[in-house]
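By letter and in written order, the chains are A, B, C, D and E; residue numbering begins at 1 in each of them.
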């Protein structure tokens, strides 16, 4: 359904006297993956590694994007405005912050209806019915329609945001850390909602997160990002049972399990993610990798196929 | 068990809301002993931070106040101390680490300046000695090239670094109690692990007691000796760490634990507690968890359960 | 006259307040003559307070029979402030420089009739004319004709006029702090004062400070506080409080000025003499004099101020128009404006014009003329008049002889300065007739005719002749009123 | 940093250039010309023409403009039409006066307003707060000219403590400086207060308290340095306002400053003076902004250029 | 001119939370009027507006009724505030003067707001080159000594109330432009605005329906603070003789005319000055209260 090929997003930082001057921040630096209908791809990585940027680029929100994004066979990045508008109906984005993603000045009902108006869907009554239907779908009721966003809790807002995204009947939704800001109990509610909707509406998700246990729970396939590159990608079970990249391993072992009896090893990885403005040479992870050798510092590893659905970019062959 | 160094009894802290005082922390009692780590968990808004701030007596004056109870630290009620005496306790014998590493450090002073300030405030040392101590402390929290860092400003450090600095600042006077309010929530998992390790290491060296606030059960499992579960300003369950995970008793605790996605069994549908936390001011009589509880009965609606002991845990529920 | 009982204090500076600073003290380059020039420079001819001519730097002069050659004999031993001697060369240079079109002096035209200046010897020079020019003495006595030291002018270069001004007058330029004050100090060598003055030797006041205080209220306060001794050009607004002050004496005299309401006489409705006469009848001048000017002005009946004695047409009042609302209305009706008129009333943006305009507005309304007042700052005002956009407008002129009528009302000056756009053959003829007669008596007669005719044609509405009022503190003794510029070495001294 | 300053300085050029065009256009499109003033009301047309030619005013507008710009590049601001001497000299004399008043007023304003603002913020909702903030409000509600007139009337005229007009001694400075300074202080005090209130809420202040610092050093060390930053950032703008507003003060107190000079020049159409002083003032404001930027970086280490 | 405090609280304005919830209007109004200064401020404004509307009814004399014999009368029963140098009733003139002040205030704000909103919105929303150009323009505008520029413009256009309004608007639009641009820049980064793009909305819709309403709070606050500035500026320019033409009773013009009589008839200055200060104070108080109500963090 979605195919991403060698996607690059380089932001220009700072302005020089001359137009071409300035540094480039390589937020996303050549990543490729694909998602099938009804599938969920999880995207994990440390803060600042380019997850959100990837999400945005796929939706055609960043003019800095280079490479190819094919959605149902259509080239997104080179598309004209009008074409983009129709594609927008099929692709949606749900943000992390349930407090910031609703216009505080619009009543919920109006916010939902507006989307329908913009896409010229139905007449007044039909729209009204649709809005109510949407609210029901996400477990809210129509009394809520005449309220303003601030009258809702975080969990409820996230439901509204989901309802708004669903209004245009999308086929594909990017969830950018959609549950990270929520409490565990609310988080599980939203995860369940998203899963239910996926089943009911046959949705496809790109699920961005940094909590591996949540991503794992949610996704069919997981891609691990580090400094703008995908270092490993596999089916989620496979990735957890059989991580090949040292970074994936480090991430996995940093996840703390809610079990006091396990003696959890806290000393998994040293140092911090380097600045994407000045990424390390060679394998970008070599500065923190305990296996790193001279080669890692010089040569960028190619993505290898471990098996049909498992890819890794590392010079070592870890088992 | 040792004599507790901090004993809180019936602490109530309230905030003004339209001239009314509404309690955010309601009759909370617990104690911490030397070297012990007590974790406080609970949903957002349940009063975890307010409890911590109450201990430090840092509730903003215009917003609210401590309306009752005692906070006895080493035999002395902190609430009765004069401002001056309280200052001598803060940062020295009891210190605190906050959640947001980005904002807890003053952006216009160097790391060194802020560290040394604490040292010189509480210890009778010269500037040079303070500097040495600061340097030593930065080394202890594993900050690379510490001498250089002393001259740097907070914004020049990454989030994880800053949090280390904050911890260094909290521990530099070798406090007997460290209050840590979600010190790792804003950090990446990898950094979180580093910070937790660091705290565990330092604690074992100094025998500092820690009050650790979090809502991440994984963090609790990795650090806690004792766990307090709060809900709506109340303690609903309190016991040692193992018991909480193995044998949670309060329906809220049970729900909380079940809501966490497990890596081991990813495909299963997640459990979730229905409904949401009642807003402050909307708390009805009876059990505060009644609206979300699956075991709710008439009794729960009428009367709030007391915190009673059950199999080594303190639980606030009629159903056990 | 004052053989004094009071002690003279030569060291005490005399402080005079002015509303604005001089632009430059180089009088060749400006027409904005500051009073300081009067004291720094002497002229060949001096004029007393009654407009009579007396020897100045020239101790005497002769005129040839045909009136085309004037010979001036300079006083000897006159020195400039820089110590150099005054010679006929300096005089020739001064006038030649002004006349030279390259200099672009604003006074150029005033010396136009002079054909050539011939230096006879160091202290004698002849002025040759193309045709008789009875006004020559007047020109030579004006501020524009102050004699400058040629050497000093050339030596000072760009700084002449701002840092230096070298003349032969009783006072030297000591210091000029721009925008703040001009300080003049006494010229200790001064021995050549005009005979008619009470004191023609060294000045009796050591220093004259000319302070710039643009704000009227501040000038008054300073005067009352005694920091300023003399305030000139008192406006009626200032009178109220100082009249009561016993320490301050107000000297009032007539001035060769006249304020009038004018209009473009070549346009509707002003091309109708009835309308013009109606306007003349509509204005209650007495009320204006009493209240707007608080009595410090006189009613103007004709086109020249009475202070110009002989030239002034005595019949002005008799021939003029009295205040009569009914008559005005009647005339307007006859002219076809019985239903009233709506006009613009323009004036310059200075305090009295504004007030005057407001009163006129009320008075004109009585006869059915509605007006909108528009105030202009001076540059825009002249520009507007030049462009011919005016309807009703207020003006005041100041001039010391009848030439002014030619200036404002003959058709060769159309459209500016003939801003009332008066193109009338008869006026032109009358003026020409008056101008080109050889004797003063005939000239006077001719101008009387002009005035009479203008009154009849109601070309303007003459309104007021402002008094020239000077407030002088009691410390200043023996002060003598002069309508143009008081002479402070005329026996004035500080107590 | 150096790079930044250089870049900013370069960017000033187009700004100033735009400004010269605007000022030039406004002036030359205004009705009237300075020749009338030089020539006086009674000079005939040919004299006018002579003077115009002498001043170069007979040239087409664009030629005049380019002549002006040409001179400008040589660092020459031209010669005043009426005063007949270099504009640079004239501006120099007058600017100093305005500058002196402005700088003293700014200093005065800071010295007065910072303590008031700080006290009002930390003693929020007390009598001290209400009193000082009410005072500040009244201060900024009184138009400068009225305030100046009042001061003049009472302190100079009635009480005779200060001279009424003129310029030169420190006594002459007191009233104008007070007029500008107090008004400005009213504004600054309010700003300090709100900035302080903002800062006091910040986490790092809580941290400072948690360290056991005394309230004194919490406020004066940790809070004030942060609170002062937004106030510093307004320095450049202040400078502009003080220059811009100087004409009122200079009118009220009859002070020969640049504001008065410029207004007089506008009315007498002394183009070179207006152009020159607008340019100089604008440049000063831009430089003031640059200084602000630098100060900003000094006070706030987060700022990097 | 006291534009100084134009900027007084720029920093504060910027802090007015754009996503603050003002939707609950009743709640907001309640909060606003729980503040004493809001009550005082709005009362003053209300009274002035009423006075302006009913000036002919309230004023005992026409504002241009000249009564020369009664000039410079001190305040009395016939003439509450005394008379001026043409015997006009100052009370009546001050009453009519409210109209001028309000017209100027509204006029200046309307024009500069129009310019400011258009330029600021375009600049902040589209960014890039357009932004650079517009910001270049505002930079130029900011480096001008404003009062002097206004005077120059009036000199060019000729003094009149309309020209004064135009001149003042021409020198004050940049404040709005900057503010709105700043607001738009930060709004642009907000997720709900990005969401509108994801939902396929057009530029106009995003700007006017989603961004502008959310930038309204600081704009309103700036407007209430600009109003008194405009009034003072009008008075200042009229004080310099560049404002309304006589006999229009602008307060500044009354004061300007009266200053020559400061020794003889101080009431000419005093009353209009006092009323002017009260009105400005009223607006300032109201503006403060409004800002506090919009940003309750500053209050409590």
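Basically, a contact is a pair of C-beta atoms (placed from the backbone, for glycine too) under 8 Å apart; a residue touches a chain by one contact, two chains touch by 3 or more.
The model shown is predicted, which means the values in this text are computed figures rather than measured ones.
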By Cα centroid distance, the chain farthest from chain A is C
The chain pair joined by the most C-beta contacts is D-E
Taking each chain's mean CA coordinate, chain B and chain E are separated, in whole Å, by 50
Expressed in whole Å, how far the mean CA point of chain C lies from that of chain E is 45
Distance in whole angstrom between the CA centres of chain C and chain D is 39
Multi-chain touching residues of chain C, meaning two or more other chains, are 215, 221, 377, 380
Touching two or more other chains in chain E are residues 155, 158, 259, 262-263
Multi-partner residues in chain A (2 or more other chains touched) are none
Contacts from chain A onto chain E in the complex sit at residues 56, 59, 61, 84-85, 88-89, 91-93, 95-97, 99-107, 114-115, 118-119, 148-150, 161, 164, 168
Chain A partner, complex, touching residues on chain E are 19-24, 190-192, 194-202, 205, 209-210, 213-214
In the complex, the residues of chain B that touch chain D are 56, 58, 62, 83, 87-92, 95-96, 98, 100, 103-110, 117-118, 121-122, 153, 155, 166, 169
Chain B partner, complex, touching residues on chain A are 46-47, 153-156, 183-189, 191-192, 195, 210-214, 216-218, 236-237, 240, 250-251, 253-262, 264, 266-270, 272-273
Listed in rising order, chain C residues that touch chain E in their complex are 215-217, 220-221, 224, 235, 237-238, 240-241, 287, 290-292, 349, 351, 354-355, 357-359, 361-362, 372-377, 380
